[in-house]
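Below: one structure, written as structure tokens.
Labels for the chains are A, B, C, D and E, by order of writing; each one numbers its residues from 1.
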């Protein structure tokens, strides 16, 4: 029994992290209708920038937690202004392809600059060590990352559903011309939201830095899992991304515990099952015909 | 942001062909294409030339879905790679002539495509892309698990190139090219026929407005599944020839990067152009070949850069852009002569 | 059929040039146009528009004064929608000037125009599928105090209140039309461009829309109305521009329209 | 066929084909193995050429030596085409390196078909000297069996009797798991559990918990590259850190470099070569560092060694004919900067040599100085018997 | 499920029994019993949101009823998919224009005409086979006044022209039952009159159900009128009777309408 609790807690801890990582993807899709393939690359950039800040400017984890999202926000703004915006009115496939190309570029650029073997990063002081209750124990950092993620997800969820921002940007992506004709300066809203989604990816990267290998490729497979998460949750649904994040975390942990080699395939089986029963995901809106 | 919005993959199929069916131009172009096909291994190292054809057909199979049915499959590696393994296993186990093995592989690809298609066509657009990607990942993991059969990450090595004991084809990649090219050309012909059939017309209708197509009495899902399976069969044909050409099949064939690469080729050639796939493959494969011995380390910068530029600036791809330019030219000429 | 139509049209236009003075007279008394010293709210001067190489508007001039309703009438494909889109700044292949309150709008973006006080109800309604009814209503910014409050909107269109949480495009066709109309009233624009607002509406609702137009007109809002429903157009409008083949071929007061209705109906196929 | 269709050109029994020796370097110059071998291997091979020329000067048989390189991007199909192209078109007499086992095996098939030499350095698969071995293929640096004998054997002998193993679920991981388990048992230890983990993976928390069950003395991680780093980072954050010894299957100095010594401190693993092992290595490493600004990995030294010995064989044979060279190489005993007590085993073409049990230092006196060599494992012990699966087909 | 009732001329062509559709607890169509006799033109009117389009969607399979049944020509078609229903002989036009934007008008009609022939499944046949429908499609386009645009893509049509094309497509299917959702919305008077004539002429030997808010159209066409309100049948009968009905006037027509 205590083992089961242990696995559950680990699953939840991982789930929180998945939720946060998928959140930016969901925000950008939910609001702009863009499936950002480069989300994994942006996550990687977040971690790499954190590592570089530490190595070259001795700026630690807590600083990175603030600085990296700001940098990535800027990066997202550039990305939207220079590239993504031209394709917003077209089929989402075009932005999917664009960001796929961008992923190749980002990964290669990081490889060229920082090599392929990865960069070192330490667990921040104060977050090392373990919490042990009875026979169950969890690393302090995992708990921190999970709580941090959940709080952030809640905040973002409120921001997107309880304020005008989400509404305006959704309208703008559905039909930019017409939305302008309603007196809304589309550019002023879409860009920051895109930047925000990218900043979230960067933040997830910083959070991952102390526990994961920081390499140019770290996002390449991760993005596939995140896709599974958002498809399960329902593309574009923030609540869906969060719930599915936890679900995937748990399924993975139990998978590891009871059928180790199949842990990863289990996620995709879960996804197939969800699509079969609810084609638009757990919390997805029906597809707009 | 553009004002005239069409939320559809913007292919310009609707334009009535300026080259009428019986136009001598048509035959001339077909002839030119054939000549290039025959001359290719003289200009390019034969195994690389074979790669171009394989990737070309693979891209055409993707275009059949993307350009003509409006479905972006981001998991086509499953069919290319699935067939590569199956072809290899048939060739190794039974030592049959390679075209038989390739056709076996292609049939296998269609068999796995059927359930995947059945599940995936419930979604469209970007959802479809992600769902197919996920299924392809599943196939990847399965192939990795079945290492007794597939050789795991060592790959399935030593696939023979049996061909009725004709030594030149079996051992010389120059002659093998021609034997393989026949299979590829058959695949291309099938794709062309599908697009230029009443069936193909319905696919376009389904792409543009599924609800409308249903009201006309067309079962949209069935059409999509059929298109998906045909496309998988063609991808399988290409993958099978590829495996025979290289003499092995590796997990790389099933990886999502392979799916990405073929979409790159399709987009580069031009979505909805069909022939564009071959042109795109020519560019990408030769570029990759050239870059890998150029000592340049940032191959991803180049391929990624091409992707970005094409998607942003030349949405009709190489073939589409050239065709539109030609069209404009011909129309201008006509107008000039009329005035 | 349309070829025959166009022949007839050019004949008519030949006649018109000779008859011109009489029309202007009928117009002048019904119209407090710029000539009379009252500044026009909207004035479109010599506007031409193209789609690619096809010219769909030719030197169109139209004015709307505050508190006045002018209609654009004409057959399908005459270019009415294109004119509204050009005024809104959404159609860009244009030549000629559009000015609001005497100042040239030039190349200003649609959102700037909207904030300057132009409201638009598109012919296909333009309801957002990804927004709920209420969000559709809340979306545009308020540009003037005369903007309708949510209460007032729900009061006039109770069915929208009932469906406020529905996705916008799940409404019935007519309800979407109401929503589009209500949405633009939420802005408090000084000039409304209405593209067939009565289309698909039940007669009761058409009457209500008419009342609303008269109400806002009384508040000094100018309206440029595209209408196929002549009876309705007559019931709300002061003046009418007849558009055929992208040209203004007639400019009539409301009474003149009534007087010549049967003639115009047969000739112009309104 | 004017299209450069291959076909064995009969190289003159004496003298050089095309009057020059062409060495093909086919490896990963942009992906995960870039730092481990990558472009810097060309520098190492050039060093070998320079040394060869310096040594024989006018008497050198190969006066004109050329290096051609290609990046296989870790894709077997590209490796395959490039290998053919190197042999056929670029007239390569030998191909070196080729990390990534699928690529390595594909090139072995080409070497066999084209009857040209191939010395693999970077790949670990035992198939190269087993089922897939052939007359023209040699395996120079290490293989997975060697790693097991080195690490598992030594640690068990030294008292780490109870093990739990976590391995990535693909062929390499499976091989590693099998050889490690066998080695532990052979030395009187027990393996409590072998846990497969998906590949690739970045969340190992639950695996680590599972691996800690039953209180083993040693946890063996059979992961490589990014997965290994993930595993170690997460191990260090778990409650097992400090209680259980961590042994890893395959680790490169570049991994330590990327993660930092403190994360790996105390971890034991088998290394095929270490630059700061003795004065000779250090001297060679200094030369290398002068040209590249980085310290050499075992792969760089092995590439040097392989190229050097190939050229020596050419010198000795007076020709670059592959069959002659194979004859010269087979059974040759070698001692150089890379190979200590080295022998090119005739039976399976494994190049056997001493390997080392290394332990990661707790702090690095200088950059790249990360390893304490705890023990030299003699060639015979490390390589064991020739692989019976090899038939030299 | 498939109860094959022999087609008796006495039975209505289309019959619904307590047909109901709920959206999130909201009843858009509520217990509608509708019978459409063969060879008649039947109008469906009612305030906006009364459930007319929803009813059409239920009849053509675009929506599945929450409860109730639909019988058409002896078949129980309740809950069948659009592509199963269309071949039985029901064609519809859409209230909100729904075309293949990139295709030419000609191609639209060819597709519609090819639908019952099964030609579309034949991927091994040349697309040129569709040209056998050319003559007929030009005829149809001519009927709606679009013959000169036959080669133009649908996207280049003005709104009213698109509506006319919708009509031509519905006619191309040569259905037993034609459902027209606001066929004259957005049309000028002349076009409205032409459309009235058109619908009259093609209603020979056919049954038509249409929705329209234009009382002129309803008056000139309909043999029978059903008035819906809030998803329920408010009144039914001949035009004159219905338009005199007090309830209809308050709920729908408003102040006396010309």
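Just so it is clear, a residue touches a chain if its C-beta (ideal position, glycine included) is under 8 Å from a C-beta of that chain, and two chains touch if they have at least 3 such contacts.
Here the structure is a predicted model, which is why all the values come from computation and not from measurement.
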Length of the shortest touching-chain route, subunit B through to subunit E:
1
What is the touch distance from subunit C to subunit E, in steps?
1
Chain centres computed over CA atoms; the one at greatest distance from subunit B is chain C
Among the chains, which has its CA centre at the largest distance from subunit E's?
D
For subunit B and subunit D, what's the span in angstrom between their mean Cα positions?
37
Dist(centroid_CA(subunit B), centroid_CA(subunit C)) in Å evaluates to 50
Expressed in whole Å, how far the mean CA point of subunit A lies from that of subunit E is 47
Please work out the Cα centroid separation of subunit D and subunit E, and write it as a whole number of Å.
74
Quick one: which residues in subunit A touch 2 or more of the other chains?
108, 111, 175, 177, 186, 261, 264-265
Among the residues of subunit C, which are close enough to touch at least two other chains?
90
Could you list which residues of subunit E touch at least two other chains?
none
In the complex with subunit A, residue positions of subunit B that touch it:
1-3, 5-10, 66, 72, 119, 122-127, 129-131, 133-135, 137-138, 141-142, 145, 210-211, 256, 260, 263-264, 267, 297-301, 303-308, 311-312, 315
For the complex, which residues does subunit E have touching subunit B?
60-62, 81-84, 86-87, 91-92, 94, 98-104, 107, 110-112, 114-116, 119-130, 151, 153, 155, 169, 173
Of all residues in subunit A, those that touch subunit B in their complex:
35, 83, 85-94, 96-98, 100-109, 111-112, 175-177, 186, 224, 227-228, 230-231, 235, 261, 264-265, 268-269, 271-272, 275-276, 279-280, 287, 289
Residue ranges of subunit A touching subunit D (in the complex, touch as defined):
3, 6-7, 10-11, 13-14, 108, 111, 115-120, 122-123, 128, 130, 132, 137, 139, 141-142, 208, 210-215, 217-218, 221-222, 252-253, 256-257, 260-265
Using the touch rule from the top, collect the residues of subunit B that touch subunit D in their complex.
41-42, 45-48, 51, 141, 144-145, 147, 151-155, 157-158, 171-175, 242, 246-248, 250-253, 288-289, 291-293, 295, 297-300
